[in-house]
Each structure stands twice: as C-alpha cells, then as structure tokens.
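Order of writing sets the labels: A, B and C. Residues in every chain begin at 1.
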C-alpha cells in the first residue's frame, strides 16, 4: 500500500518549511511556476490576474477575439488528474483550458487508475509530465500536489522535462483557485459599475448618496462569513487573501459549537495581519452591517454522533438567508456561496440582483483561464491584444 | 432525496399544457431555441434539416470543406450530460459537435455526479450553462430536459445567461433526435438516386417499371413496424413525424400480446391525422406490401413474470427477418433498426443493399450536426458555402 | 453471453493462418492499413517509423511546426476503445493523436459499455467505424482487434465505409506499439549522439576509445532481459523485432522457475532467426556484458499458490538493479522498463543518465504519432516539411 509518506518523505524537509519560504520555490522572478497554495498570491498578483480575467472575458465576446484566445495555447496539452471527484472544479478548469485553445485530457474516475496500485504516485505524475504540458490535479492526499511540484523542480534542476503543477484542491488543506474566483467576484462587484453609467451619473454615485462612506475596491469593507466557518476550507483561504487589503473587517456568523467556529490559528493569523474580527451567532442580527455575505453549507458529511446530537437542537434559521432578510441587506451587498448549496439559500433568492453565486462559477472559469495564461506567459499577449482592440 | 417533482414543480403549470402550445416556447420565429420533443418539427423544418444534413455530408468529403465546417462553431463548447448510459447516442452527438468544430465536454458516468446528491438538478444545470454554450442531455427522469429548457427561458427573460438544451432521450417519454435520423434515412432512401443515374436512365425509372405507382419522397408509402411496437419509444416518435406526410399507411406487426401492441392513444392520434393503419401478427404475411420495414428488438428488460411466461410460448420467427424473406421484399424497401439488435436481424442480412441500419448511425451524426447548426444559426452559412461550391 | 468465438468464428479461417500470411491482409503496397501484431513491421518499416518519429519530435519544438503538425489530421476523429484499463497506453495514444490535431473520443470505462451486453462486439465496432476515422482498441479478448480488422476489410471489399484498426493490446497475445516504442528508444540511444558533439570530437568517438568494438545502430549488440521473462508480453514482442537486425545476442536473466523462463516456442523462433542466446539467473553476474538492459516487473497478479510458495524463498536481489551495480554497467548501456515498476528499479537509479524508462513514455508518444501519420498517409508531408525547414 502506498501512503502519503511514500511520496512526501522524499521532499519532507522542503515541505516542512514555512509557507512563504516555500512560495519562492514555486515562482521565477515575478511569474508563478506552480500553483500550490493561496499564500502564493500577493495583492499585485491578484490584481494582475483579475485584470487579465476581465480582459479575457471582454475579448471572448466577439468571434475574432475568441479565435485570438484559442490560438494562444493551441499547441499545449493539459492533464486534469482528478482522483477526488469535484465536477464543478473539473468543468471550470476544462472550460478555462478550452478558452485558451488547450487540448484537455482527463483522469477523473478513481477506478480507472486502480491499475496504479502499488506504483508510486510520483511515477504516475512523471508519466503525465511526459505526455502533457501542465498537470491540474485534485487529490484527497494532503501535500501530494506540493510533492509533485517539488519533483518537477528537481527534474528541472537536472535539465529534464518539467511542467507546471496546479493544485485544484488537495485533501483538506488547500484549494487556491477557489479563493481566487471568490476574490475576482468580489473585486468585480466592488467596481460598482453598471451598463447604465454615463458621464453625468453612475451607479457608484447613487450608492454613495445612501452609503456615504462607501469606497470602490476591496479595502475598508466588512465581510460576513456565515455557516460552517470552522470546517470550510474556502473560508480559510479567502480570509487569508482578503486580509491583504487594508481596513478589512470580518464578521464570522456560526452556530455556537466549537467545530463550526473559526479555528484559533486562523484567528491569530488574521489578527496579526491587522484585521478587525467580530463573532455572531445570528445572521439576521448582523446582516444590515455587511458589505459582502459569504454563505456556506454545514458540512454534515464530517459529523460525528456528538455533532449530530448538537444539530438536533440547532436553530438553522439563524444561518439561513430567508427572502425576508433581503430588505435588511445593503443594496450592493453581494451574496456568495462556494456551492453546492443545501437549504441555507432558498431558490427565491436566485433572482435577486445581489445573488452572485452562479456568477462565481463563470468568474471561476475566467480567472482560471487568466491563471493558465500567466503560467504559460501569454498574459502579455492578452494585454497587448486588449490594448489594441479596446484601448484603456 | 431529490425527486423529479423537486425540479418539475417549479414549471409544472407550463409543462402540463398541450404539446403544441409548449412548442412555441422553444422556438423564436422559425428557429428552434431548445429541442425537447419530436412534435417541435413540422414538415418544413424536417425538410430543411435533412437538406442541411446532406449539404454537410457533401461538404465534408473534401479537406477544404471540412476546414470550413470545423471553423463554424470552433468558439463554442458543448456539454454532453448523460446520466443515463447510451453510448450510441452519446458518440453520435460527440461526432456531430466535432464536425462543426465544437469542443466537447462530458459527464457520462452517473457515479461521477453522485457528489451532486442533495443538490437540486437545476443547480447542476445552471452550472453547466455557466461554462458551456449548449447542454445536450440524457436522463432517466421524465420532464427533466423540459424543465431545464424552462429554467433557461426564465433566465433569458431576466437578461441572464441562457443556453440551448437538447434532449437526447429523457426517461420513456421523448427521444426526438432518434426520430430525426430515422426520417433522414428514409428521406435519402426515397430519393431513389444512384451513382449510375444519367440523363437517359435512372434507378427511379427502372424501379417504376416494376412498381408503376412508386413516387419519390415520403408520401404515399406503406411503413411497416415490426416487433415490440408497444414499448419502443422510437416507433412512437417516428410515426408522429411520418404522419405529417400525406397518403401515409402504417402496418404494425407485433405479437398478439397487449403490452407489445401499439398504445391506444397513439392509434387515436394517428387516425385523427388521417393515417391508414393495419395490424398484423406475422412479418412474412405482409412483408411484400411494405415500402419500408422498421425492425425493433423485444425489450425484455421491462418484462414482468407474466410477460416471461408469454414469451416462453411465443413464436419469434414471425418477427424475425430471415434471409429467405429478402426475396419477398420490394426491391427498394429499406430495412431500419434503432439498434442494438438481438436476433431479429441475422448477420446474413447485413450485406443486403437494403440494410440501412448501419447507415442510420452515420445519418444520425449528419442530422445532429444539422440540428446544432440550426440552433446556432450557422445553417445559412452552410447553405451559402454549398451553393458557392456545388451549385444548386 | 458473448464469447470471443462469437466474433472470431466469422473470420476463423483467416485468423488461423500463419502470421506472415496474414500480414499481407493488413497492408496495401508498402503502407499498413491496420496495425495488429508486431510481425507486421520489418526493418525498413521500423527505420521509417523511427525516422518519422524523430522528425515529428524536432518539428514540434517550435510553434510554427506544432501548428503544421496539428493541421495534418485536424479533419480526422479517433476512437480510443479501451475496455481493458491501461492508462499509460491510453494517454500515450491520446497525446499522439493530439500532436497531429486529431479529435479524440474514448470509451475506457468498461461499465459504460455494459449496455452493449448481448450485442455482438462487431456491431459495436461497426458503429464506431460509422462515426470515427480510426479505432484504437485495447481489449482483454484475444483476437478481437484482428477480427475487427477483418470486418473492416470485408466492408472495404463491398465498397462500404472502412477505417483502420490499431491494436493497443489484446489479451495476452499482442501489444505491437509497445515493441515499437522500445525499438525507437533503443535506436535513439544507439545513435550515441550528444548535444556537445562537434566536428572534432563526438560522444561516439569517446565511447569507442573505451569500447573499441562498439558500433552505431541496433546490430551487433547484447540485449539483456531481466525479471519475468516468461509471462511478460513485452519481451516476446521486442525480441521478435530486435531479431531482425544482424549480430544480435539476447541474455535472458530470470529466476530459475519454469513460468518465468523464456517459452520454448520463442527460443526456437529466435534461434532460427540466428540470434545468439544466453541464460542467466543473476543480474550482477552478467550486467557488465550488456549493451542494453531491459528490466521487467514480476507479474505477481498471475501467481498460483504454487508460484507464491516459490516466491517465498526467491532471492529478488538477483533481479534488482541496485545502485551499486551502476558502476559495473557499460557507460552507454540504456536501462529500459515497460512500467509500472515495483522494487526492481529503486528510485535512486532515476537520475542516472542511462535511465531511459521515463523517456520511453515520451518516445511512445512520438512513435505512435509517426504510426498514425503513416496510416493516414501524411508521413510524406512530414518528411517534406522537415526537409524544407531543417534540411538533411
């Protein structure tokens, strides 16, 4: 039997270093060479990726632009190696690759690869790197993507073939591109732009009359996170990135039960970053103060018997976005959700203009395309094409 | 647990209207916006699709034409969402998409999507519509494709992203593109054209000497349907479409057992459409009178114990196309079968020039490509290219 | 239940002829029409395919060349029909198809095709040939690929649609493209070229000072095969091809146990071809005399209880390439392995420049692309493009 230690021990001393020390291993000058954890992104990088994503989105509206985009990486072949099922993330990456013209290959049925039993996962990884130009991987083995990136680095140092590794979710620890799409969705919302904007009047001006302290951009905002704050990987990654902006406040709204509360290490880290933090156990109590609301599902699949006893008496209504709450929310406050949802967001909310959770999916596609463009160093070409055809 | 009612109740009042009232919801002017049931096709539409299919077929014979075709929709991405296995239909749609240059994505292993358990199927559908430009779906849930089409219509009415839905078979109720390929196969056969035709002499002239009343086209023909007429979805759909032509007669040839007989509602509908109907319990008795023979397999997978007792004494020979029957058949009478086959058509028949059942597969590919071209409004370009390069 | 005899009996008399008699059925003049067994390749063909593979490799280094290559077969659609799992071979063929621009379709989950139960496998094959332009197939049914090739030949003789069949491994009997990639890897190694070669000094000159009898090319070499010589299909196919070169000697190194020893029929065949044969039961004893070392894994999945008793007392060390053996090996001796590996090659060997087993994967991709180019008659275009852009 192969255990994670079989592949991680080769790179154990590298993996056990602090995150920011490792980040340097996965970039060359200002360009990422592998995407393994959210901490690799700083504010400049996030702004650059968001900007590239928006250019790709705009360019892809016309046929000539689509043809330009699909020509960028039509000579590249991607492997999507998903041994842990995640259809949303899988399809989003597929679409992102296809926007740039990459040919996609996939392993997503874990039984297909049962033949690999007894083989080192790093041998499989090296096979993929023989055939393909990037490996996008999702695994339930913590540190596997990171080990693969270190294997690629070792091969590169020997002058052998090496390809970028993109972590599409590894075990409970990291899912960097989910945080990326959340940031992109928030960033777009907080541009406060509208198709009806003109020189005399803009949506932002109108909002400012009602909310005089409102500013554009991610800074100086109160971000609400509601639901299973403790066990959700997405909240962890997203708060890490949002904390890069100044004047950020987090409002964690969760049942009064240890496992669902934000973990101490995360709180310490955020406080050190200067983030203001509030705790609450009722969404209705605080919803009017939020600039953004990030809803999450209670992850019952991890429940123990004790947890299940707790949930028998638990008041789900305090963590559900009922339609009657909409009128209490700020007019511009985006509603996000990493999906899938259960009952915490009823269908009636879907048609509210603040509901962003379906747009998140499409934003994920654009920002992943931007990330791939960055990895393959064609983001400059995208910028140039955009400049030429759309100015600005 | 999600049940069909969970997604269909939202659109229940829409779904429960008469078929022709609903057809108007799935087209805009003369163009289809979704393909849900066979009754959406009228004779003009069928003629137009058959004609487009034949142009695609001809254009694709040369490299320059293939390049023209694959350029038509190279900026579009298709999702083939097949939660009910059907490899034939799946591959046929894949090939059709590829002929027009579309990039294909697929979900065809139902276990891949088990992660969706507890999620509304309409949330999944909306995710697909975020990433892809058309959703071709097959499901064992009746009315699911139709509900998805209504969801898309609702989004379109809100100015949100909406994509075409194509029903590739939903439960026992509808499989519109199978009927389409059957019609196309028959239409091509009844052109009675031959590569040896010349100004002096044609295959049709020769046939007319032997069958003086023969005419070109689908009208004034006797169509035989042999086998499991009651439980076969394909017979239902095809007879609906054939009844659009004048002078059509149907000969239903089936074991004398209720479940295998044509259903009363279908017979009523056909009679109202003015179709002449005959019933028979022996293929050899009537084979000489048929202009077309549509063979079907007995669908034993639906048998109850009572059915199995019936089949113990049943004379399969009366519903089998033995080679000795070939000489009794009309010289031009095409043999169709929706496949897979069991023993009702022995291998020896395969080399007979009237055997069309393998050509049906290839015809299905062409007519599905024509349908996609129509949905994406590039059938006009195909017509223009054909006119320019092949005249007429 | 379908058994192999159901499909093979139709072509039984054809299949039961000698291999070289059958080879003529699968080519037209000098060009292969189907690829079914290794004996179809003669030395000229092997040299031609290796040369085409190397040209494809070189052309694909630049974007303009990649675009040339992907334009060659962009109008063709491949079906990869893998009912027996083999991810390596599958991905290698996918990549090969994609290099030439072919659109790929796949069936690789055997459960997807369970719906075909009761249907003749030849009906499935004929469906594939309706939609696609080549069928690359792997099956655990011996003779299935061969039967499919004969079906295609029969259709061609009737003027019906027929497509090439490529055997990607059928049961225990044949895996011709694995032998092809082994040959290509050896051929490249025995060019003894180096990037540092110049007019005054070459790697070959240096090697000749130490090994005065060394010559370029596959002839006059001692090839070692170590491990499960008896049960490994790859050794069988590769020795068949190597025996086409003059002055070839084989050293079989295997545990002293009947099942693992080379089979009598193979030895007879090789001796008749004039090959010198040695037997050994210890890799360390002979490693210094080898020009190439082909390592294989003991295929324990085929072990009986008696076999397992043997392996309890078996000295695996005699068939393991420990790092301390590296210094005894000839400086140029390539190490090959068909993969997956177990412990017979420790990870420490991977960084030795003689380790070719990861390059084999990439070579497999190039040589399969060359084979497809040959089947579709575009190898001439590749040669012309190479001549024009690289001379020689």
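Definition applied: contacts are C-beta pairs under 8 Å (C-beta built on N, C-alpha and C of every residue); 3 or more make two chains touch, one makes a residue touch a chain.
Here the structure is a predicted model, which is why all the values come from computation and not from measurement.
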For the copies subunit A and subunit B, the interface residues, called same if over half of the numbers are used by both and different if under half, are different
Copy-to-copy rotation (subunit B on subunit C, CA atoms, range 0 to 180, rounded to a multiple of 5 degrees) logged as 120
Take the average of all CA coordinates in subunit A, do the same for subunit B, and state the distance between these two points in whole angstrom.
-> 42
Subunit A: positions in contact with at least two other chains = 109
Contacts from subunit C onto subunit B in the complex sit at residues 10, 74-75, 77, 79, 103, 105, 107, 109, 111-116, 118-120, 123, 126-128, 130-132, 158, 161
For subunit B, which residues count as touching subunit C in their complex?
-> 63, 66-67, 70, 85-88, 91-92, 94-95, 98, 108-109, 339-342, 347, 351, 358-359, 361-362, 365
